[in-house]
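Got some structures for you, see below.
The following pair of complexes shares a single chain, chain A, combined with chain B in the former and chain C in the latter.
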Partner chain A sequence: MVVLKTEGLKKYYGDVKALDDVSVEIEEGELLAVIGPSGSGKTTLLRSVAGFVQLDGGKIYIRGRDVTDLPPEKRNVAMFFQNYALWPHMTVFENVAYGLKVRKLSKEKIREKVEWVLNFLDIGHLANRKPSQLSGGQQQRVALARAIVVEPDLLLLDEPLSNLDAKIRMRIRFELRSMLKKLNIATLYVTHDQEEALSIADRIAVMSNGKILQVGEPREIYRKPVNLFVADFVGVNCVVRARPEAVRKLGIAVPEGAEELSLVIRAEEAVLSRYNASIEKTPHDLLLNGVIVGRLYLGAKTRYEVKLQELDDNIFINSEEDFQLNEPVQVLVKEGSYFLYA
Partner chain B sequence: MSVRRFSILKLTLKVVLVFIILMLVVGPFVGIAIWSFARVWYWPSPIPQELTLRYWSEVFRQGRVLDSLILSLKIALLTVGFSIAIAIPAAYAFARYRLPAERILLFLFLMPQAFPQLPVFINLARIFGKMGLRGNMWGIVMAHTMASLVFSLWIITATFKSIPLELEQAAQNLGASRWRVFWTITFPLGIPGVIAGAIHVFLWSMGEFNAAFFIGAPFIQTAPVLMYTASAGYNMQIASVIAIVLMIPSLLFMFVIERFLKAEYIAGIGG
Partner chain C sequence: MKRRRELFVGFLLILPALIVLGALYVYPLILSVYTSFTVGEKYGLANYAKAFDIYWRDIVYSVLISFVTTVVTLFASVVVSGYLRFRNWKFLELMYKLPLFIPFLIVGHAMRVFLAPHGTLNNLLTRILRIEELPGLSRSWIGLVWAFVWIMTPYATLIVLGAFRSLDSAYIEAAQNVGASKWKIIIDVLIPMCRPSIMVAFILTFVRTISSLTIPIMVGPASPNMITVNMMFRVNYFNDWGTANALGVISYLIVMVFAIYYLKFMAAERGGIKA
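So, the complex of A and B:
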């Protein structure tokens, strides 16, 4: 069953199109991540679904019900705010119980549900603390508990991990995904972190300038980006601007009539080897010659700046091997790890 | 040696500074306190030549002082009530909505304070006279409410503005109506500002002279008016006693409210 359906949402701020004909769908239990750089309109989309944005056009349906003109309090979607928005004058218990009180549940029922959700999120022992006495990670859980305890039709997550430090963030990704799957709750997840989206989402929508450029499963987004923007935004890449003749010489089919091409190379998948090493390659793989012009020691790996001979541009590739400055090297980019756009 | 001399200089400066601050803060109060017990006090003697309790007993025997003090207290409390009750919804509107005539409205609230107080209140007294509000406690309460709205409105508006909109949206998102959001989120978080506004209005009303004089006189006298009359008759002692007595409710009010403020809210707001 379709939980959320938006049809042609439009929102303009003066000349800026924050939402430009945005249509998405979320199925029961599905986690859709919307990614894009800041200013792409992803947060505006989330806030329109919550009802905090006055739209200039389009329709929003939640479980088939037209909620476009309903105020936020009548939509039964629960939002997780990027800064948590916990109420400082209430305890954790009161924060989480708020939505249930509004729904006029009995005292016993409220206690039961709040205790369940706090234990589910492993923060049962914090029930009587005030938000100011909690760590960032604990506050994040309380905000999540407050949103899911009301059993909303749809969960809206606005950059839920962005305020956590990098190490915790990695660990929480797994927890968050398995938790959302356990609850089987339809979720709209907004983030600027493409890696986070790839690892956590069932499907991903890539946004730029108020438009949705591509919607698909993480693998599809990563392997078959529809345009230069998506290809460059997802993954760790180097974009090389090249003339068609130079690209043709590498043995890749070049689109007709293009004056300049953009070659997106997934730097995280490119392999660096010595110039005289023998390398097995298929006809569709890309083998480039270059020279090391810079190196940066990162611990387990070293980051090399490689000047490409054929393409007259520099790219950055990490490698575990040790290369010297000015050493000639070969760069192998497998089929599916590079994309060519006119 | 030079180090030591330097530190002595610093110490001397410190002592002088502390002394000056004490003079400024405590000095006037000490002067008033001594005056209230002085029977004879001629310059240049630092203390009175003769002391007496006569003026204290006189003030309390007359009952006049106590009456005017109670009147001032009543007026101040009523003013606080009205001023805050009007300021809260108005401040919320200023803080959260784009009002079409926002500037004009704010200017209207500023009006009573924008001009010299004396002509404003003399004119107000004439108008109130026609309305039968002169020589009447309610006339003073009305004047005080109007004039004090600036303080309460500004303080409470700033407080509401400082509450992140997201805290309200989070409540709305969970199904709370606007009304409920205000009473469960915005208002509780704004209480420190409301209290600060209340203290300010209370103290201002307790000490206000112009409106109380022109609207209340000669039928009713608030404490500051009585003090003025007493000191105008060169009775420094009576005026001093009243000044000291006048301080008591203000100090009490501040003490009580600050206690309440600290215990309940400051910790919570910090986060």
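So, the complex of A and C:
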């Protein structure tokens, strides 16, 4: 069953199109991540679904019910705020119970539900603390508990992991995904971190300038990006601007009539090897010659700046091997790890 | 040596402020306390005995009037601020500030006309209710509170609305999101989170009301009276500075109760974050 359906959402701030004809759908239990750079409209999309943005056009349906003109408190969607927005004057228990209290549930029912959700998120022992006495990770769980305890039709997560430090973030990604899967709740997840989206989402929507450029499963987004923006935004890449003749010489089919081409190389998948090494390649793989012009030691790997001979541009590739400055090298980019756009 | 020089320069820099503070604030304060304890050549509590003897009713009355005014004012300013926090209504934004620019004397006169036995309010009410006559409010405690609330609400609203507006919207949206109505949000989120500012508004309103003279003279009943009016009578008609100052000191003490309560509250609020 479709839980959320938006049709042609429009929102303008003066000349800026924050949402430009945005249509998405989320199925029961599905986690849709919306990614894009800041200013792409992803937060506006989330806030319009929550009811905090007055739209200039379009319709929002939740379980088939038109909620476009309903105020936020009548939509039965729960939002998780980037800064958690836990009420500092209430304890953890009171924060989580508030939504149920407002819905006039009985005291016993509230206690039962809050205790269940706190234990589910493993924060039962914090029930009587104030938010200021909690760590970032604990506050995050309380905010999540407050959102899911009201059993919303749809969960909206606004950059849920961005306030945590990098190490915890990695661990929480797995936890968050398994929690959401266990709850089987439809989720709209907004993040600027493409890696986070790839690892956590069932499907990803890539946004830029208020438009959705592509929607698909993570693998599809990563392997079959529909345009230069999506290809470049997802993954760690180098974009090389090249003339069609130069590209043709590499053995890649070039679209007709293009004056200049953009070659996106997934730098995280490119392999660097010595000039004279023998390399197995299929006809669709890309083998480039270059010279090391810069190096940066990163610990397990070293980051090399390679000047490409054929394309007259520099790219950055990490490698475990040791190369010297000015050493000639070869760069192997497998089929599916590079994309060409006119 | 250098350190001493710096201290001296620093002292010189704040000296003008200290002189102004001393001459216009500390000296008169000390003088009024001193005068309150002197009768002719003698020192003692005679002025206080007299003040309590003649005016104890008025002291209680002043505290009650100020308290009722403050409560009603705060209620009105929370309602106006709550409304303006959620909705941008330019007209109300302008209207609530209007009384700030009107002198008390004018307000007093306007209220007398408005609240008089055959004034604007009663004319309207008698027509709507189709009755012959209504008692005027202009010389009663209700009229007095009415006028005070009219004057004090904009000041209190400035403080309360400022606090409401500076609160991160996420706190409000989080409550809306889990289903709270705007009223619930005002009561459960805005008021508790803006308590320090509301306390400031409370104390300022109380202090300004209990120290006001113009409005009680123009709108208040002939008896009982506010302390300020009694002080004026003592000085103007009896040249009795001693009792007037004793009444003054009594009103400082009343205000001080609130000030101490406020300071304690602020200290608790700051330290209250800890376990």
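Assorted remarks:
Note that in this section the second predicted complex is superposed on the first by the 342 of 342 C-alpha atoms of A that agree within 3 Å, B and C clash if a C-alpha of one lies under 4 Å from a C-alpha of the other, contacts with A are read in each partner's own complex, and residues count from 1 in each chain.
Here is the rule we use: a residue touches a chain if its C-beta (ideal position, glycine included) is under 8 Å from a C-beta of that chain, and two chains touch if they have at least 3 such contacts.
Model, not experiment: these values are computed from the prediction.
Aligning the two structures on chain A places chain B and chain C in a clash. Judged by the touch definition given at the top, the superposed model places A:W87 against both chain B and chain C. Touch criterion met: A:P72 reaches chain B and chain C at once. When the shared chain is aligned, no partner comes close enough to touch A:N128: not chain B, not chain C. Look at A:Q309: by the touch rule set out above, it reaches neither chain B nor chain C. In the superposition on chain A, A:R146 makes contact with both chain B and chain C.
Using the contact criterion defined above for the overlaid structures, shared-chain residue A:N119 touches neither chain B nor chain C, since it reaches no partner. Within chain A, the residues touching chain B in one complex and chain C in the other are 50-52, 71-74, 76-79, 81, 83, 85-89, 98-99, 102-103, 130, 132-133, 146, 150. Those residues of chain C that touch chain A in the complex are listed here as 168, 170-171, 173-181, 184, 188-189, 192-193, 273, 275. Looking at the complex, you find that chain B touches chain A at residues 164, 166-167, 169-177, 180, 184-185, 188-189, 265, 267-271.
Within the complex formed with chain C, the residues of chain A that make contact are 50-52, 71-74, 76-79, 81-83, 85-89, 98-99, 102-103, 130, 132-133, 146-147, 150.
Within the complex formed with chain B, the chain A residues making contact are 50-52, 71-74, 76-79, 81, 83, 85-89, 98-99, 102-103, 130-133, 146, 150.
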